[in-house]
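Next up: the structures, one after another.
The two complexes that follow have chain A in common; it is paired with chain B in the first and with chain C in the second.
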Partner chain A sequence: MAFNIVASSFEQKYIERSQWHMTGMTGFIFGFVALYFNFVGLMTQFMERWIIEGVLTLAHLTIMGVALFGGVTIAIRSKNLSAAGKVANGAAVGAMIGIALSLLMLFMTQLDIRFMFVALSNKLFLFLSWKQGLEGGITLQIVLSAALGALGALIVVMPKVLRRPLIWGLSAVFIVGLFSELIQLVMQYEFILGFRDWFFTWEGQRVQGAMVVFVVSFSAMLFWTIRGGAVKERFGQLSPSGQKSIRYFGWACALILFLLFPAAAGSFFGQVMMYVGLFILMGMGLNLELGLAGLLDLGFVAFFAAGAYTIALFTGEHELQILLLDRPLTWWEALPLAVLVSVAIGFMFGIPVLKVRGDYLAVATMGLGEIIRVVVLSDMAAPLLGGSQGMLHIPRPSLFGWELNDPIYLFYLTLVCASVAGYFAWALENSRLGRAWMAIREDEDVGQALGINLVNVKLLAYGLGAAFAGLAGAIFAVMLTSIFPHSFQLLISINILALLIVGGLGSLPGVVVGAAMLIGTPELLREFGEYRFLAYGAVLIAMMRIKPIGLWPSAARKREIQSAEEIEASIREQMEEEGQRT
Partner chain B sequence: MQKYFDIEFWRRVTYVDVTLWLMRAAVIIVVVWGTIGTLIDGRYSNEQWFDFVMFGLTMGGIYALVALGYTMVYGILRLINFAHGDIFMTGAFTAYFVASPLGKSGFLEENLLISMIIICLTAMVTCVIIALTVERICYRPFRSVRSFAPLICAIGASFFIQHSFRGMYGSSVRAYPDVEFFDKLLSIGSFDFPMIQPVVILAALGSMTGLYLIVMKTRMGTAMRATSEDRDTASLMGIDVNRVIIFTFVLGGSMAGIGGVLYAFVFKQVYFFMGFFPGIKAFSAAVLGGIGNIPGAMLGGFFLGTVESVGPALFLDGLGIVAPYQLRDLIAFTMLVMVLIFRPQGLLGERVSQRA
Partner chain C sequence: MAHIEVDDIHVYYGNIRALQGISFKVEKGAIVTLIGANGAGKTTTLNALSGILGLREGSIHIGDTNISDFMPHQLIPKGIVHVPEGRRIFARLSVDDNLAMGAFTRNDKAELSKDREYVLEMFPRLRERLDQTAGTLSGGEQQMLAIGRALMSKPDVLLLDEPSMGLAPVLVEQVFNSIIDINKTGVTCMLVEQNAYMALQIASYGYVLEGGRIALEGVAQELAKNEEIKKAYLG
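After this line comes the complex of A and B, so read on.
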């Protein structure tokens, strides 16, 4: 079940398209994207968010960004054109985007469609027309989009010395503006307050702040583009041990900064980083099942729930635990129990689906996960598990008589657990068992013929994967000190699946990257929270289409892909040769 | 039977086999015991049982319509169209914006048949457009790849569609208009039921007959069946496989559209998440009937609908379980898992559906 990207159909890839067709298609697609943002209500949300206070909102940037990217795309795709031709085509694409938006404006004024499309408000119309009324708005929009499209193409044809600093400068302004609220949260100390208030308001960055950010990042990048080669050369001239020590020093600094960051930046960041840590834990668990053993498990959240509920049962005041024990366990005592229960659930999960393969396995595990959720939610299990009311008053863990009641402490707890688990995951990957998993991922029958005991190996994948999720569940239970069945929906499983795909299946650093991107970013941008699953869907499709190996693939996978690309290149060469002959 | 007397067979039995047998036995015991308990108790009257069965068949008709989409796509592309449940939602949700003005203006009551056709057509067109887009973006690039990629793309598409429609049409629940004719009680003897139920069942049966005729009698249908037997050979025989696949998605999408409208008129409400559970249940129905098998999907749909509706009262009430109706989904999911584990070829299927 490897991600076999070699076999994607060649015949569709190498059809020559005329320039007209290409420009038209690009304009059409980007126009559609621009319209989509409006229809789906993202624009209405983005209008509320200033990037540069009083000047630019996120919505302006999005609509301009679409035109800009349209220009960039067409300029990259049309390889045979001169620079002027590229710019002209960029302008054409931009104009098409402008026309699409103008049609939307026309549509909004002529028809009353608000009852169907809730997002198309008056405010949106004012925004789209730049407050110029219908005709002025249409003209302005088309001209502006065309100009931006041309600018996009211009950026591509521009010399590198200018292009790189420009891109960096603009991106820096954008990122600082987007996260300005969070940056201000970090700058909470007395002595930089004046500095902070010169740069930002709570709405966004000030104009002068944005200028400073732009100038600084622009000139830094300009310097690097011109002088970077020399610096690299100097570094290369150092002795190998010197290089190594500089590198280690860099890594150590980064690690210390990372460790101190939540403590310095406040509990909000601690909370977010802890949440990311939980998903890293679960991601490592699913990575054992899916990334190594190739078992697509959509019921993974059940193991997470098992861990959380075990902690709730044994540490809170509960009848069952009074029946079995004379006192509630502490969190540390219940932790191994939680992991064990998850492992047991993992085995119970695994046994029935041993013989089910591929897509069917995904659906079967999803069914099992949903069965567990329905049972937990029902009144039948309510006396034990609290039904839809959930379980409340779970005591927080304490260490040497010190209650870990702040998200920052819990973050460090998560960090320790994740590091230990990460070590185990790494060791497992390189063990005999890990190799057996990878063998059955590639081909079950061959693996069995080579003497791998399929039953044991698969059950161990489920059980060990579940152990990671159980650990995460145990921490999750004390995060809010209460748990509810609706925290354990199928969405969590999909979340974990998505972060694995984004990071790269079978790669541990990939899990971290994926979790930071898919869990961390939406947590930081809470106000767009309802659109996060929209983004997940888009990301899943885009990753599968564009980069199926993920952002940080494992070394083995990278090698496979490289050899696959070589094969593809040789086939392309062959095809071209044949084309020349005929 | 012979094999059970062979000592070698018993020697090869592992703990996995034993667990699976125990699972089967447990389910059978629960069902039998619960049924006996309920029947001895006699808590439900004949009228109530009739209600359950009628409601089950109504739901079954809808499940069957949606299941057809799953089964045809699986038959031809060998992939689970995970987004099909959401395609079903798009039709019903979009048709609301036609049904609601029609209901307000009174046209719906006066010309019921015409307006139902208009509503259904809206839903069908929407579903077909979305289904074709999903096929183009998510499935076509992976057509010759055997991997998880199309399934993951389909999961992505499912979320994308759900939340796009949430953004577009809003996250609130919209109520379909009431139709007097559908709410009218019809009685046969001492049994009475709302008119909507036979309407749904008949409409579902009618659409399925139409589909069956298309698949069995037309040239395109023959091409479809050939492609589902063996895609490569079919393309060597001059069948344009691309067109066949598009046609399959068109057929599946239109069935989902009709199903969506019927579902909306039964439950009277639409919202962006409504497609998820019917989608999974319809998939269960398709698996139950043997995926890739068109009559199987119809049978599976009706069977699943009925069991799900009768089940809580029949199996679970007798066991003394509190509020058995909360466990309706449990029955559907258990059936899905059991079929996948024990009889992946389904009730009618001969096809061995093992995809590595």
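After this line comes the complex of A and C, so read on.
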């Protein structure tokens, strides 16, 4: 199945090229990236955003970062060069980026192309030329970019003792600056207000704040690089039980911090983490279908919708529910119903596509998912499901007479549900059924010949996968207290698929990491509006190129890659031996 | 009574007739081979036996049971297991998991570990590679794994499709020796082969397929001496 090929292709090896070719290509690509950022208007927006207040904007950092990464890339790729050669090539790449930007400046002054590219404003020109006019700007831009390219290469060739702390220090400043507003949101308590205001303004971090962040993270990493080995050694000398208890203590601390964080940090974080939690739930469900059973499902959002609409139908004021019951159900009573309805939809979903395999399955399930959305939207179902008006006034659940009306409470609710569901997902993975799923993922016919009832096992994959999405839908309904058909677009299914692949297909921790990356980060960067999806796409492409097995691959996948690498290494060894003999 | 009795089966792929009335018998505890050229219908016959292909006419009996309409997964409980052409091990699972999958329908733990031991004794190479991903095994090891996986279901009947395909002569001999060993424990073996020479050496009885029909049958040793067969298949 073609999808498998995408998800399982090993890292492509670079073909050996001449140094000129590599340096030229790298400079060209990074120059193009720099121009692209300008043309799409990213820079214009980033200019408004201080990383270090009054000194550096995000736009400066981005344009400089491109040159820096150009230098890093060429230094890593040119393996046969001396340190000085690497730095020189880094400078060359940087200079090419500078030239690209200079050409842009030249164009902006000589031609009026703003009618096509709205982003190429006068402000952008001032930014690119560092307010030095055309000639001064071009000189400065080329020199600066070359210097940054050289610096990037220098970072690669410098000794580890210096490199690691430097990278950590710079990244820490960048991350703190980027999320400064959010960090200030967390620091909302009276007794640290003074501290906070010394570090930050609402525009960005202050110079002194950035310096403290840099020094602290730099020296912490420096200490770890120099002394870390000794610490690890001493840890290794402890008795195994001692090691274990320290490890458990560490995990317990991390868990407690994680649990307390949303309560301490406020509703916004509660909301984001809850949203991530919903996607973790759905991710675990699709992981059963795709990661274990190998059934690609692009209509997964339908199960999510089924859960949400069931809650809306049975807990809100609704004619059908008045007809059937004498009072609306509470959320807790409706929850099992929501899950059951989703499972039923999952079964119904599975039956028509039982004999469809591979790429065709993706298209068929996509169609089924759309059918559900269109049915919900239709006039026929409108009296029942509200059509495009959606269903409003869904009451929030309450616990012991206490209404869970804050996102933070709902986050904890999601957390509990996700933990329970996670346990089930883990148990399923290691069950007989889980093994049957893996077998049919590998080879349906052989699995059947070994006694697996294909129909049952496939329908169970759809049904149980749907249960997770139904649970997520049930929470989603009370998160917004109203639901609309447009909340259940195909994009949700694709998002879940993407987070599975980024996390590592078939791996439960991978689901969590993938959801945090692909759902959490864009939520936190809401201020950049549509541009975050640009970053989202870039991350996906980069992931597929750099680490196609995912951020946290399952043990089996890791083993698979390892043994493939070992075999490759042994073949290479053999060939070298033979080469020496002849 | 014969262990496997195939009576006048007709199998079609859509409208294309693949088998036109094949009948044969396999005695309990025998090794019977089905030889023939490419496209003669050897694999089709095995696939019909193991329920992958449906019959248009005719019947298949295992002992007293009519299995003509059985689905593939219903055959394992009847003691029939199919080692498919091209090995088709679960490439991304470990060797150990592959063996475990062979015993998917069983839940007699004690017997099961004994059978696992038996398989690993027969194929010591597999023991060395229990934790390795099956896809990284060599061709011969994969064939051993495919047979070992089938044995884990504790079958009475082993259907083998081209076990010698793509293997070096030394390995072919090893695989065929293990088939003899398995047969000695009382397992009926139905062997489909292109390597007619080897197949007729270990089988007691043989059928020659040609264009979806049985062209010739007889005691294996005599078939091996038959001039026509020598010319056509043995070279």
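Quick note on the criterion: the second predicted complex is superposed on the first by the 549 of 582 C-alpha atoms of A that agree within 3 Å, B and C clash if a C-alpha of one lies under 4 Å from a C-alpha of the other, contacts with A are read in each partner's own complex, and residues count from 1 in each chain.
By definition in this document, a contact is a pair of C-beta atoms (placed from the backbone, for glycine too) under 8 Å apart; a residue touches a chain by one contact, two chains touch by 3 or more.
The structure presented is a predicted model; accordingly, all values stated were derived computationally and were not measured.
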First, second, both or neither for A:Y360, with chain B first and chain C second: first
Which superposed partner A:M544 touches (first chain B, second chain C, both, neither): first
Chain C versus chain B, contacts on chain A by residue: B
First (chain B), second (chain C), both or neither touched by A:E560: second
Contacts of A:G250 with chain B and chain C, given as first, second, both or neither: neither
Which of chain B and chain C A:G529 touches, first, second, both or neither: neither
Which superposed partner A:G136 touches (first chain B, second chain C, both, neither): neither
Shared chain A contacts, counted only where both chain B and chain C touch the same residue: 443
In the complex, chain C residues that touch chain A: 50, 52, 71-73, 75-77, 81-82, 84, 88, 90-94, 97, 100-102, 104-105, 131-133, 135-136, 149, 153
List of chain B residues in touch with chain A within their complex: 14, 16, 19-20, 23, 79-80, 97, 137-138, 141-149, 151-153, 155-164, 166-171, 280, 283-284, 287, 321-323, 326-327, 329-330, 333-334, 336-337, 340-341, 344, 353-356
In the complex with chain C, residue positions of chain A that touch it: 432, 435-436, 438-439, 442-443, 445-454, 556-557, 559-560, 563-564, 567
Partner chain B, residues of chain A touching it in the complex: 1-5, 7-9, 36, 39-42, 115-119, 296, 351-360, 362-364, 366-368, 370-371, 374-375, 377-380, 382, 443-444, 455, 494, 497-498, 501, 530-531, 533-534, 536-541, 544-545, 548
